[in-house]
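Structures follow.
In what comes next, subunit A is part of two complexes: it sits with subunit B in the first one and with subunit C in the second one.
Our next item is the complex of A and B:
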């Protein structure tokens, strides 16, 4: 059931109504029912995976918590009897025990994801390798259908397990409540990836109807639909044509695609997250923000602190830091410092951890080489920028007025936008050599005049379409600029001006109805991140 | 505490670590600094900082970091 479908609108209206009609103690149960109902629409067989993940994570969470509690109570009882060394040794032994249980849970959780999402990719690579050695016999590749949102709910569940192991989350005893944490439907398709300590208390709490908060949630939803239907899905029409014939649409068309896709994915993903956060707000639940004006970033590193924030922090907390400070890495660090000196040696663990993290980030987005190359290119840009930082600092010191001026800031933001756009096109063309050839064509094929010819309309970017896209994008930019300038939620600023607030809401709804890409002639598309 | 201030000073000689209290929030320490810092603390103070303790609250100031080191050393 797509967020943009009529069925979903009916479903969500019913869910809102029942949520505030049932006794408050039963609200979480209603959310669970709604979440499983929503998920069942994507295919009953998909329920097997989410139920298995829930059961295993719940059980392992309790097991890890039990070991931890027993250890804490033993240490509390024997506080006076044990020496410092004995306490350390006992704690280390118990930690090892709970770590083994944690690993079991992680192996099952990530195992499910690996089998479903990566078996085909792994086997096709094995076949290619066998082919290069002249082996004719090919391994048959199973055709698994990726269950809806599996990457999101498995990452959220595994994050919970690690948090329980680290003592940062309480293990949930009630399996039904835990099932809601895993399956909460607004965030099931594309996140944000929530932490148990943030989300669970809100999910299980009692919520009274608050008219202004509910309306605020509806405003956020409407804004998300505006971005998705008026901008993203309109751009998609032309993008599909360009992608459908890479021999014909090169050079200027490749650049147009890169720019159009940057706007499209922004509108699609941030729009989807707006809808998600808006729905949650209508239920009285506050989800983490996933974006912070990413296209204002002046560097790749800053961009990744502003784009898909919850995924970035997941990888930082659960992959990057554990990997870079683990014992083997500390030992590598020591050895490499002895071998190569302090300056190079200290970089080695960070480099290894950064490369592994970005390799996995790429793989998380999809089981294909284009995603892996996408991840590694991001990694390369970040590492090179890090190394060039002393040079940038010298430049900033030498030209303080220039480097703090607005035009220079705009130049840096435009540079980051373009760089990210080129790298991002890897997940558009879905093929590494084709993407590289398209990048080259941007600089070598002189067909920019075609963008101002009738060919634009043939592609799907006719004048009317372009005007709507440009005006809608300008509106989003204007609202974003106001948000950045005011530094607060625009909806709060409008809260004491009800007439203006309702009028703007009505205007957005009318704009969606008139200019939205839906109905006859349009095939409402799924959210891009829903495929990951 | 002096040894810790020495380690921090080697990372960023231009920062006054005795008074600064937004090392993470203000972006003074980046991931490279963090990993170097943890390795140095492990080597020179013989205290191993586990990943679960790598949170801004523990690294925002030298005082907070020292409190963490003392806590980990006690256990």
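Our next item is the complex of A and C:
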């Protein structure tokens, strides 16, 4: 069930109605029912994966928690009887036990993801390698259909397990409640990836209907639909033509695609997250923000602190940090310091952790080399920027007025936007050599005049379409500029101006209905991040 | 709170006005293809017709109600539309029977060959013109192709909003509606394009007419019986391989008519008797009749209606006569203009 389908609109209206009609104690149960209903629409067989993930994570979470509690109570009882060394040894033993159970849970959870998402990729690579050695017999590649949102709910579940292991989250005893945490339908398609300690108390809590909060949620949803349907899906029409013929659409067209895709994925992903957060708000649940004006970023590192924030923090908390401080890494650190000296040696573990994290980030986005190269290129830019930081500092010191001026800031933001746009096109062309060839063509094929010819209309960017896209994008930019300037939620500042806020809401709805790219004549398109 | 309620009402009104205006702007005006306006034109003339014609283009280009009135005093209406499918004919009849008590219902059987929904564009030409009723809902549900949705019919702007980037001067000119294109449902064609080929229809894999067509024909028959109207099955004259009427189909209709006690008139073998000259009376090489052919056929059939089916001559009713005279005048005015 697409967020942009009539079925979903009817589904969500019914869910809102029932949510505030049932006794408050049963609200979470209704959400669970709605979530499973929503999920069942994507295919009943997909329920197998979400149910197994839920069961395993719930069981392992309880097991880990039980070991920790038993250990704590044992230590409390034997506080006086044990020596410091005995306590330390006992703690280490219990931690090892708990860690083994955690690993079991992680292995099952990530195992499901690995089998479903990466088996085909792994086997096709094995086939390629066998081919280079002249082995003609190929391994047959299973054709798994990726269950809806599997990357998101598995990451959220595994994050919960690690949090329980670390003592940062309480293990949920009620399996039905835990099932809701894993399957909460608004965030099932494309996140945000929530933490149990943030989300669970809200999911299980009782919520009274609050007209203002509900309207605020509706506003956020409408804004998301505006971005998705008026901008993203309208751009998609032309993008599909350009991507469909890479021999014809090179040079200027590749640059147009890179720029258009940047806007398209922004409108698609942030639009989807707006809808998600808006729906949750209507249920009285506040989800974490996933974006913070990413295109104002002046560096790649800053960009990644502003784009898909919950995914970035997941990788940082559960991959990068543990990897940086794990024992093997400490031993590498020691050895590298000995070998290369302190200055270089201390960088090596950080580099390794960064590279592994970005490799996995790429792989999480998709089981294909383009995603891996995408991740590694992001990593490369971040590491190079890090190495060049002393030079930047010197520059800022030498030209303090210039480096703090607005035009320079704009230049930095534009540079980051372009750089990210080029790298991002890897997940658009979905093929590394093609993408590189397209990048090259931007600088070598001098066909920029074609962008001002009738060919634009042939591609799908006819004048009317372009005007709608430009005006809608300008509206989003204007709202974003107001948000940045005011530093607060625009909806809150409009809350005491009902005429203005209701009229603006009505205008957004009208704009979606009139200018949205939906229905016959347009291919219904899923949210891009739903594919990851 | 009061302020919020007023603000909400104003916002809803603002949205409604904007959406309604856009709806009027983006709805297809069917200027190039006036067939799309036929179904909706019925309502200005509903209520007092003794003969109702139903069917596809073979009906609305073959029977001239103005001639039926002028020559036989028969008050009639042609509720035809492009590729009108039999379930659409049934629901249109059901809708008309709410207000009409006709003596005869004439149904052209060519659409019996279709057993399933065909094409959204044609559906729209028939269904968008209907006023909302249970019959319209039934017609929509029976007609929708896989990609269509009832919501899009309830709110056509959801379907036609994409036209916002393809608007033409006509969309603004006919914002509030286009002038009537038909004469009591008859769509006049004045051009002459003689038949040039003697090719017959291609062989078919299966000559059986779909069972669903007969189910709807049963429903039409039952409805007519209930309302005391005579259902007459006809096959309008055509003479083109693309619109071929196979003997196998003809036999199935004849058998059905015999079993059901209905009359079935196939006009194709009667063309010579009617006086149709395929070098003069067609505007598209024998696929459809032009106005000259339609007048000949109407005259022929009018006599049958009058004599065999005893449809009354109502020229003596002053009010009706006056209304029909206006329509007849309009018909001849159009005929003279389009010549």
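By definition in this document, the second predicted complex is superposed on the first by the 532 of 532 C-alpha atoms of A that agree within 3 Å, B and C clash if a C-alpha of one lies under 4 Å from a C-alpha of the other, contacts with A are read in each partner's own complex, and residues count from 1 in each chain.
Operating definition for what follows: contacts are C-beta pairs under 8 Å (C-beta built on N, C-alpha and C of every residue); 3 or more make two chains touch, one makes a residue touch a chain.
As the structure is a prediction and not an experimental result, all values here were calculated from the model.
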Looking at A:6 after the superposition, I want to know if it touches subunit B, subunit C, both of them or none. Which is it: first, second, both, neither? second
Once the shared chain is lined up, is A:349 touching subunit B (first), subunit C (second), both, or neither of them? first
Could you tell me if A:391 is touching subunit B, subunit C, both of them or neither one (first, second, both, neither)? neither
Looking at the overlay, does A:88 come into contact with subunit B only (first), subunit C only (second), both, or neither? first
Between subunit B (first) and subunit C (second), which, if any, makes contact with A:464: first, second, both or neither? second
Of the two partner chains, subunit B (first) and subunit C (second), which one does A:503 touch, if any: first, second, both, or neither? second
Residues of subunit A contacting subunit B in one complex and subunit C in the other: none
Please give the residue numbers of subunit A that touch subunit C in the complex, ascending. 6, 462, 464-465, 468, 498-499, 501-503, 505-507, 509-510, 513-522
As the complex stands, subunit B meets subunit A at residues 30-32, 34-36, 38-39, 42-43, 49-52, 54, 74-75
Looking at the complex, which residues from subunit A come into contact with subunit B? 84, 87-88, 91, 166-168, 316-317, 320-322, 324-326, 330, 333-334, 346-347, 349-350, 353-354, 386
Subunit A-touching residues of subunit C, taken from the complex the two chains share: 3-4, 7-8, 10-12, 14-15, 18-19, 22, 120, 147-149, 151-152, 157-159, 161-162, 164-166
